[in-house]
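When the chains are written out, they are named A, B, C and D in that same order, and each has its own residue count from 1.
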Amino acid sequence: MTFTVEDLQTILDEITLAVTALPAEGEVACYIPQLAEVDPDQFGIAVALADGQIFHAGDAQTLFSIQSISKVFTTTIALRKFGDDIWKRVGREPSGDPFNSIVQLEMECGKPRNPFINAGAITIADTIMEGRTPDELMEEILQFIREIAHDDSIQIDKKVAESELKTGDRNASLAHFMASFGLFENAVDDVLWAYFNHCSITMTCEQLAKAALFLVSDGLDKSCGVNVVSEKRARRINSLMMMCGHYDGSGEFAFRVGLPGKSGVGGGIMAVVPGKASIAVWSPRLDKVGNSYLGTLALEMLTQRTGWSVFGH
Amino acid sequence: MTFTVEDLQTILDEITLAVTALPAEGEVACYIPQLAEVDPDQFGIAVALADGQIFHAGDAQTLFSIQSISKVFTTTIALRKFGDDIWKRVGREPSGDPFNSIVQLEMECGKPRNPFINAGAITIADTIMEGRTPDELMEEILQFIREIAHDDSIQIDKKVAESELKTGDRNASLAHFMASFGLFENAVDDVLWAYFNHCSITMTCEQLAKAALFLVSDGLDKSCGVNVVSEKRARRINSLMMMCGHYDGSGEFAFRVGLPGKSGVGGGIMAVVPGKASIAVWSPRLDKVGNSYLGTLALEMLTQRTGWSVFGH
Amino acid sequence: MTFTVEDLQTILDEITLAVTALPAEGEVACYIPQLAEVDPDQFGIAVALADGQIFHAGDAQTLFSIQSISKVFTTTIALRKFGDDIWKRVGREPSGDPFNSIVQLEMECGKPRNPFINAGAITIADTIMEGRTPDELMEEILQFIREIAHDDSIQIDKKVAESELKTGDRNASLAHFMASFGLFENAVDDVLWAYFNHCSITMTCEQLAKAALFLVSDGLDKSCGVNVVSEKRARRINSLMMMCGHYDGSGEFAFRVGLPGKSGVGGGIMAVVPGKASIAVWSPRLDKVGNSYLGTLALEMLTQRTGWSVFGH
Amino acid sequence: MTFTVEDLQTILDEITLAVTALPAEGEVACYIPQLAEVDPDQFGIAVALADGQIFHAGDAQTLFSIQSISKVFTTTIALRKFGDDIWKRVGREPSGDPFNSIVQLEMECGKPRNPFINAGAITIADTIMEGRTPDELMEEILQFIREIAHDDSIQIDKKVAESELKTGDRNASLAHFMASFGLFENAVDDVLWAYFNHCSITMTCEQLAKAALFLVSDGLDKSCGVNVVSEKRARRINSLMMMCGHYDGSGEFAFRVGLPGKSGVGGGIMAVVPGKASIAVWSPRLDKVGNSYLGTLALEMLTQRTGWSVFGH
């Protein structure tokens, strides 16, 4: 359970070796054709310590589609702009349902259970759009992510966005469903396009680990001394990731990994060890609830080796 | 955010003063007649530090019905006896449904989502009964709780158990429903009687805080150097409390309090600050999802004053 | 489409020959062990014309367990005793759900959708019990059926009733669930025992066809000139059979057969051609929604040969 | 219960007098703004006898929006073109759910329960579109209705269609939801536009009663000796109307009126007395499940006066 920072590189190398040696399990997300073209057997991991040091192994510098991980960033933007008012439109309870279920929405009159299920993230996109065009909103979202990651090269993969739009009937259904309760401020098609775009942002594990550092340090970006969000809000974003970050596998992730984290169907997972480190891991094959198969396994191994868990000391 | 242990008594006293001065909100659980007779305006809080020091304020030495908090103890017993085999009969995902919903059970063929909803706890009772009588099982459960609390005086309130049995149609329905899938090893009526009995155990805040100390110290009972459960298992019990400990208000509790915890409709909440302290709080009036109204508020104030939260540092 | 009464015997013989020549399809109800012991390949059919003439073919004089067909008789008794007051406790809409689903009950606060699903029939049993013992209630039910069938030999098969009780967890769950809404007037166990008993009444096709004649003649028992129920009520019982008589296969039965009817998992179906005839058919193998496979087919053939359908002229 | 054709005009006049004298109950459908502008207190009724004679009273010659009644015509067109193949895409069981529920669709993988709920009718529109434009499809639908009603003046109210499109998020959600299962052959927006258009056809009670005559006479249009559909198919369309014609009030309509019928949120109801007559009634105020309040009442009175019911003789 004890390890020194010097050991970290060795640990990451060993984990990478171990998980990539396993027989392939799980499938790449196939409902977005563009994502299905990715080489499924890649694996990368990056750890950013609270002091800014970065360690990585495997394909940690390969760009991948961050997909639902982007929901952490749009929720942060929404909290910065509207504070607790966002909870009028979206809840903060785990959903207990497959990630794109429409049943719960009907039961609860169009109010999504949390900002990390699809319906919730679409609602957040509507909330922060404020009458602007999807392009204008995307400019703001990209700008925010570039700032917290300290990297101006971060971009949207427009081919993925278009691929998602073409096969996006389920999300269109969710959006029109919520709009039917009179809950939308912007045109449904505009909100959907913005949503598909922010899901199509591409980042590397290294960029993602850096972008998450403000959640390690109670909201503070230590590299420049700027508060991205307040301490209280940073902790609450972590609590949302813990409770709702892995669709209907959130309990399983808490049980096995013990850290706040957010996964995406592109195969990425971003996790936070409060006070200590942020972690990004990526491997495209998914388990049956939509979370990276090797990514989860690697995080489980990492937390066992390091003792990192919010549930122990 | 910084405080010394010396401040702790002052903090507890101030919190007690503050919350008891508030106008009464919420109602005492009324579906169990015996519980409805409790004076609704009591409030107690106790903190046990990892080193064994105890601080308390208010009605911390008054006995109350621990109700669903007992599920943490029966789950621990089940894990000690059967290890990961228990996950064949019960899941570990938040339920996203009111605490006694039968809908989810139908969807998932009689397998409860987690051991802390009623159906899950009844399943755990069936698992650990092993052909014995309810009285024999209760002997074991009481024995375990007395050991970890280091207090042989802990008892069952038989009047409450009988009151629950009389009004227990919903739980009887859940039990027969699961039995209809062929999932029960013991007679339904015996399992129900054991379940109503362990929910009717009475403890004080002080006893409860002490009983939770093994979850603070990665499974170790420091007072006697005995491992109640392994480190890994202690962390996993904490993760279950975080994800599923407050019925359909688990997300809210994580968001506001930021600690693993388990509530009961008797008005008690048991919470864990890994490595630092265990906390027990009690006040009978409940919010609309069934968690202690003042108890949650007091924990929120306490974590703000102490900085205790697993989501920050 | 045209046929004379003289043809009827020929038609029944031909249908019997045709359906018994088919390869066996469907399974006997297996969740009630006693029913599973029946020879699955029996087939009987009986037609009672409005004037009292009886025609039959196959095993029309073999006793079988009428199961849910008994719900028509208990509902008739309830309507005779309490009139439209029964609709306070049970609805009259098709359920659109498998026949023993508990989900709908939760959505609608313990009020079953109609008197022919299990929950509804259990509610009817509670309604007509009126503080009596199950034996006293059964005496009344048997007496009523013997009167309308003009046959004092009709009995309960106690072995089947006991078999149902032993495997009746699903029905016990439904009953306790409804009781949890405070909706029961008698002890749950008594009501269940009465319910299992009236489902275990045994009759022949011939007896059943005779018993249904009052529904052919707008409520009148022509053989003795007595009104079993009023014209309006007879029509309404027929409408309930049409809308709800075949569990989640009611639409299919209306579509293929076009007559009001009620099936039971013992393999029987009782159907009504208003103004013309009543029909009883029996064959133990069931389709996947729980209705007699050959029974439905025979009724479809019969209505095609005779032109009997309420949806044409 | 006995009446002569000569009495029919008197009966209709008396019913009209009686129902229009009642205090107003129910509300006009408000979710389609254009429909909300209709004078809510109109009432019309028309009866077409099998021999072609027409009787009417009240506002029987005022045009109104037929809305869901159009689903009977599109289903008939689909059956004429594709026969029983349509049952691969749509079921024939009552839905047991509010008329636009999406929950059932999720449970049953995007296959609507029957062609008369919104999802089912949208599926039928997709089925009969066959790659054509919405205008081309509408031309065919209008042509069919004009033929069976023998009236070339029947039109679409484009203002209503546009009003429905603007507020049609719920239907858009249903359509995209089904499309997400890969079940759509045409563009979702085209299918929706066709659907909104055929719901916006306007007819009078007189036209509607005439259009339904083929369902009275086993599929035959007696005025010209043409079979609109086969006898078997006409009976099956009647059975669908009986089982599914009034949303979640189908059981109630069968219970009170006892005839196959189809209602629309414009306040119209079309009903069939096999072999005898077709009836159209219209009054805009709706009961809580969406069926015409006075329309249902008038039909109940009419069937009591005439003895018309498929459940008696």
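Just so it is clear, a contact is a pair of C-beta atoms (placed from the backbone, for glycine too) under 8 Å apart; a residue touches a chain by one contact, two chains touch by 3 or more.
For reference, the UniProt names are A, B, C, D = Glutaminase.
It should be emphasised that the depicted structure is a prediction, and the values quoted were computed from it without experimental measurement.
Although chain B (Glutaminase) and chain C (Glutaminase) share one sequence, what matters here is the overlap of their interface residues, and that overlap exceeds half of the numbers used. Judged by contacting C-beta pairs, the busier of the interfaces A-D and A-B is A-B.
Here the CA centre of chain A (Glutaminase) is 56 Å from the CA centre of chain C (Glutaminase). With centres defined as mean CA coordinates, chain D (Glutaminase) is found 48 Å away from chain A (Glutaminase).
If you average the Cα atoms of chain A (Glutaminase) and of chain B (Glutaminase), the two centres end up 32 Å apart.
Within chain A (Glutaminase), contacts with two or more other chains are made by no residue at all. Residues 101-103, 106, 169-170, 172-177, 179-180, 188 of chain C (Glutaminase) are the ones touching chain B (Glutaminase) in the complex.
Within the complex, the chain D (Glutaminase) residues that touch chain C (Glutaminase) are 1, 91-97, 104, 113-114, 217-218, 231, 234-236, 238-240, 242-244, 248-252, 254-255, 258, 260, 274-276, 309-313.
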